[in-house]
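First the structure, then my questions, so here it is.
All chains are identified by letter, namely A, B, C, D and E, in their written order; residue positions are counted from 1 within each chain.
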Amino acid sequence: MDLASILGLLIAFVMIAGSVMLSGGSLTSYWDTPALLMVGGGTLGAVIICFSTRSLLRLPRVLLKAFYNRPVNQVELVREMVRLAEVARREGLLALEPRLATIDDPFMRLGVQMAVDGTRPEIIEEILKTEMDAVALRHRDGKKMVDQIGRFGPAFGMIGTLLGLITMLGNLTDPSAIGSGMAVALITTLYGAVLSNAMFLPFSEKLAAISKQEMIGREIVLRGVLAIQQGENPRIVEQKLSIFLPAGMRASSEVF
Amino acid sequence: MDLASILGLLIAFVMIAGSVMLSGGSLTSYWDTPALLMVGGGTLGAVIICFSTRSLLRLPRVLLKAFYNRPVNQVELVREMVRLAEVARREGLLALEPRLATIDDPFMRLGVQMAVDGTRPEIIEEILKTEMDAVALRHRDGKKMVDQIGRFGPAFGMIGTLLGLITMLGNLTDPSAIGSGMAVALITTLYGAVLSNAMFLPFSEKLAAISKQEMIGREIVLRGVLAIQQGENPRIVEQKLSIFLPAGMRASSEVF
Amino acid sequence: MDLASILGLLIAFVMIAGSVMLSGGSLTSYWDTPALLMVGGGTLGAVIICFSTRSLLRLPRVLLKAFYNRPVNQVELVREMVRLAEVARREGLLALEPRLATIDDPFMRLGVQMAVDGTRPEIIEEILKTEMDAVALRHRDGKKMVDQIGRFGPAFGMIGTLLGLITMLGNLTDPSAIGSGMAVALITTLYGAVLSNAMFLPFSEKLAAISKQEMIGREIVLRGVLAIQQGENPRIVEQKLSIFLPAGMRASSEVF
Amino acid sequence: MDLASILGLLIAFVMIAGSVMLSGGSLTSYWDTPALLMVGGGTLGAVIICFSTRSLLRLPRVLLKAFYNRPVNQVELVREMVRLAEVARREGLLALEPRLATIDDPFMRLGVQMAVDGTRPEIIEEILKTEMDAVALRHRDGKKMVDQIGRFGPAFGMIGTLLGLITMLGNLTDPSAIGSGMAVALITTLYGAVLSNAMFLPFSEKLAAISKQEMIGREIVLRGVLAIQQGENPRIVEQKLSIFLPAGMRASSEVF
Amino acid sequence: MDLASILGLLIAFVMIAGSVMLSGGSLTSYWDTPALLMVGGGTLGAVIICFSTRSLLRLPRVLLKAFYNRPVNQVELVREMVRLAEVARREGLLALEPRLATIDDPFMRLGVQMAVDGTRPEIIEEILKTEMDAVALRHRDGKKMVDQIGRFGPAFGMIGTLLGLITMLGNLTDPSAIGSGMAVALITTLYGAVLSNAMFLPFSEKLAAISKQEMIGREIVLRGVLAIQQGENPRIVEQKLSIFLPAGMRASSEVF
């Protein structure tokens, strides 16, 4: 559960709603079903054209990830690798085999399994790197879909406003209707701007941050598995892996 | 037949039309022949200037490709390469010769033909790579034309609106005509925005996705042909080629 | 004579004019000398500041190139190199000397001359490459001037509109003059948009396409001269040079 | 204390206020609490979504850094390294040990400590480089947060204006209220533009400049420590380190 | 004295003024002191925040450089290097010593001095390259300041217009004042657009062009000094250095 994403979303919408009510507006006047169809449907259509079906089917999971992501605990990862290194050092690599079942992370399990099996280090590195590349590619694809929604949303908002303006301007028989016609026309632009700036552009940044964290976590596992297989001293393993930890978690001296 | 492209286009336009009708507008009021001439003709003119005649003649086929593209079935490609590897392993490379006629994909046929002919691996790789580079270049050129349409469309939409506004504002004798004059003027901006955002920008993304898939397919064929020629074990061939398959088609453990 | 550029320009302007007349406007209402001075003069001034005098003096020739460029016939280039290779193979390199005078392209003449003179291959390659780099640099400089016109045009169009609006709004004694004042103010924005989108931005793309073609042509000559000097078989020369030909001119199997 | 940042901020706001008062406006008419909630709260929400909690907690310190940063005195750094080099040259590396306590900069202390301890040069370089990379990464992350505030501020300003316009246009019963309604609506756009252009975009540039200075300072320390450990002549140390000083502090001959 | 910069600035402003007067406007109506304070002061404030004091102090000299720059005469540079090469070849390197005082360019003097002193070629190259890197960095910094003025100018123009519109719309008691209020509000946008497009963006391009010329000149000197020290034949020196001359100054065959 990523509280920051939920909190951020809440703050943005509560602040918007609060400022509307403080200045005497009414929230119901911003609801317009045709406008929602226009912006949501148009953006959906454009995004469906852009990507392959296989990519699109992953979109809901990608979006959920911005909220339900369990952040990688890198300090814990380093500790776990050090524990495994201690066992391997004391009792030999094969002593890791019974522990395999207790490893949750499939990536770490795969790495340790290969180390236990005596796979050559180059092969372990190649297989884990290929897996990491595939994950990085999938992350980029997911982020790109979210980016495109953030890009097409405002575009279809503008299209909706143009459609509304043209209808309104073409029927100027009743001048008193100009204001409300224009208000309705502007709602699609509003929807597009909110969709993009309060939701999908920030989601895209979050996904990029999550992806970076995951990649660092996998790098720690990869380096750790290789060090364990070479039977290195657990203290050296810890030192080597700590390099990947963010500055605040090491004995760092300075904060920007 | 790329159903996603057609579905996306349908959704976008049905949603736009639906939201117009839901909010009491009439679709016929958005049809304006001079506006269509302006945006379509201006964009066409600009794109004709931009590219060489040879490139332009490919534009219709490029656009059709976004709809009629038969996606490369990479899993099937790997399977076919493995089948060929089994034959070659069991009966020798020459046993592939009678099978050449049954290979549809001309790129794969060329590669297998050269392997059967005993062409040296470096030469095979160079020839197939050159062919792939040429295809990639052609894909980039095609995408660039579609991009330029998506870029000049809104520009000529704005030019049309300026022309309309200037005419309208210069003849303000009848104030009641302001509204309808402005409505007509805005139609070109609408056309430009729809042309770009509901059609050509998404088409361009689709073409990029299709190109990436094709390139991965060709990489699979290239690697497969080289492995077959070296008489590698079909299981090894499969393992090597599976690296190119998207994560979901291998035994992958995680989804973004 | 580059018919596509002229045709594209014609289409763009005829379509614009046609749509204006179809919708009942009059073309003469879009002529405004002060607006032309503003956009043309301002853009000219900005571009004069941007570049050195030496670069600016080349601008007219750069622009003409978008229209009067004789496209490089790459197939013919390959054929000519093959013919020279045949002569050199049959009668020796020195037999090329009397043919030098019949070679129009100075770049090819320079290359063949050096081959006949027995200049070492590395030196030939270095000299021709340096020449190609200088041409590429000149092409980039030329394109950049055209780009800047396409960028400053709309900016000075907006400056003109602001000037017009300020004058108009400051003299609102006669409300009936608002419309025509605004119409005049908008004309500079129109000029800037047309200058940029119907002319200079497409010209810039065309110049980039022409430059790419020329560079490929010179690469063919460079590779051909080196192959001829090494006394390679004319068939091999043809095969080597054909790699540089666009896909449609070789026995290619697929179109994007 | 970075006087330039404070001076710049003062100049920008005093000039804005002065020009408002000179043209007869009143500053109090630009205060609007709901508008502040909208732009500040919306931007805050978006930024909270974008980054991890750990990054966000550093934001206040990052912002303060633009004001309270003590610029790295690179000339003094070089002098200090030269002084240490003189001691080391005269009395041996171990003579630096009692001086360690007097070194303020923890990065320099770490480097000298390792030199005194006899750590191998490659290890010193690797550890200090890793530390520098971590700092550079932290600086980039900090700058990115400031950039995002500068990017989302105007977006939420536009959202606020759209909300205000829609409310105002939907209640056009009293035409005399149009003006004041529109004025209020525009205030959010104003806040977004000021937030971005007078504050966060310049802050981001300042942070980049500070980061560059710090990195040069650390490079000087790194090079200096390595030279000291190798027992180089203090004059050579000075010459080597002076390369990193900005041109104006060396005997440079020309100013752009 | 860079006549092109002055001529360009003159053309831009004379054309703007001419077109205003041709269309019956009055230049005095575009002068507004508070608007100037707003755009000039706001931009100044933002730029002061962005850069370090040391960089800012160089800004006036950077701007003057766009006007008073004496272009590097590359042909003359090559000739001077060839003359020095002739002396060195005929009378030995030491014969260059009395000539040192006659060399104006401090960079060339430094290079020749080192050659005369018998400094090793690698050291000469390293020192001159370091000097060139420092100059290039300084040029980039200078250009960046000019770029930022060109970027913040329009932003503060927009802020001024928003301030003016809000004041004007908040005091709609006198409808006849709307026009003049709006006119005044738009003046800041005008100032920002002129500041950016007629001045600082072109200045930035000019500075980039000047920097490129200077860098080529220094490259010629560097190559020349190294060739002289190696005692190369003056004809070879000339040939080697001519590669750096722009195409039009060598026997080039083609113009873009």
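Quick note on the criterion: a contact is a pair of C-beta atoms (placed from the backbone, for glycine too) under 8 Å apart; a residue touches a chain by one contact, two chains touch by 3 or more.
Treat the numbers as computed from the prediction; the structure is a model and nothing was measured.
Visitor: Show me the overlap between the contact partners of chain C and those of chain D.
Guide: Of all the chains present, those in contact with both chain C and chain D are E.
Visitor: Only C-alpha atoms count here: how many degrees separate chain A from chain E in terms of the superposing rotation, rounded to the nearest 5?
Guide: 145
Visitor: In angstrom, rounded to a whole number, how far apart do the mean CA points of chain B and chain C lie?
Guide: Their C-alpha centroids are separated by 27 Å.
Visitor: How many angstrom lie between the centres of chain A and chain C, each centre taken as the mean Cα position?
Guide: 44
Visitor: Mind pulling the residue numbers of chain E that touch at least two other chains?
Guide: none
Visitor: Starting at chain A, then chain B, how do the chains run round the ring?
Guide: A, B, C, E, D
Visitor: Please name which positions on chain D make contact with chain E in the complex.
Guide: Counting only chain D, the residues touching chain E are 3-5, 7-16, 18-20, 22-26, 29-30, 66, 71, 176, 178-180, 182-183, 186-187, 189-190, 193-194, 196-198, 201-203, 205-206, 209, 213, 243, 246-248, 252-256.
Visitor: What part of chain C is in contact with chain E in the complex they form?
Guide: Counting only chain C, the residues touching chain E are 32-35, 37-38, 40-42, 44-56, 58, 61-62, 65, 106-107, 110, 130-131, 134-135, 138-139, 141-142, 148, 152, 155-156, 158-160, 162-167, 169-172, 184, 207, 211.
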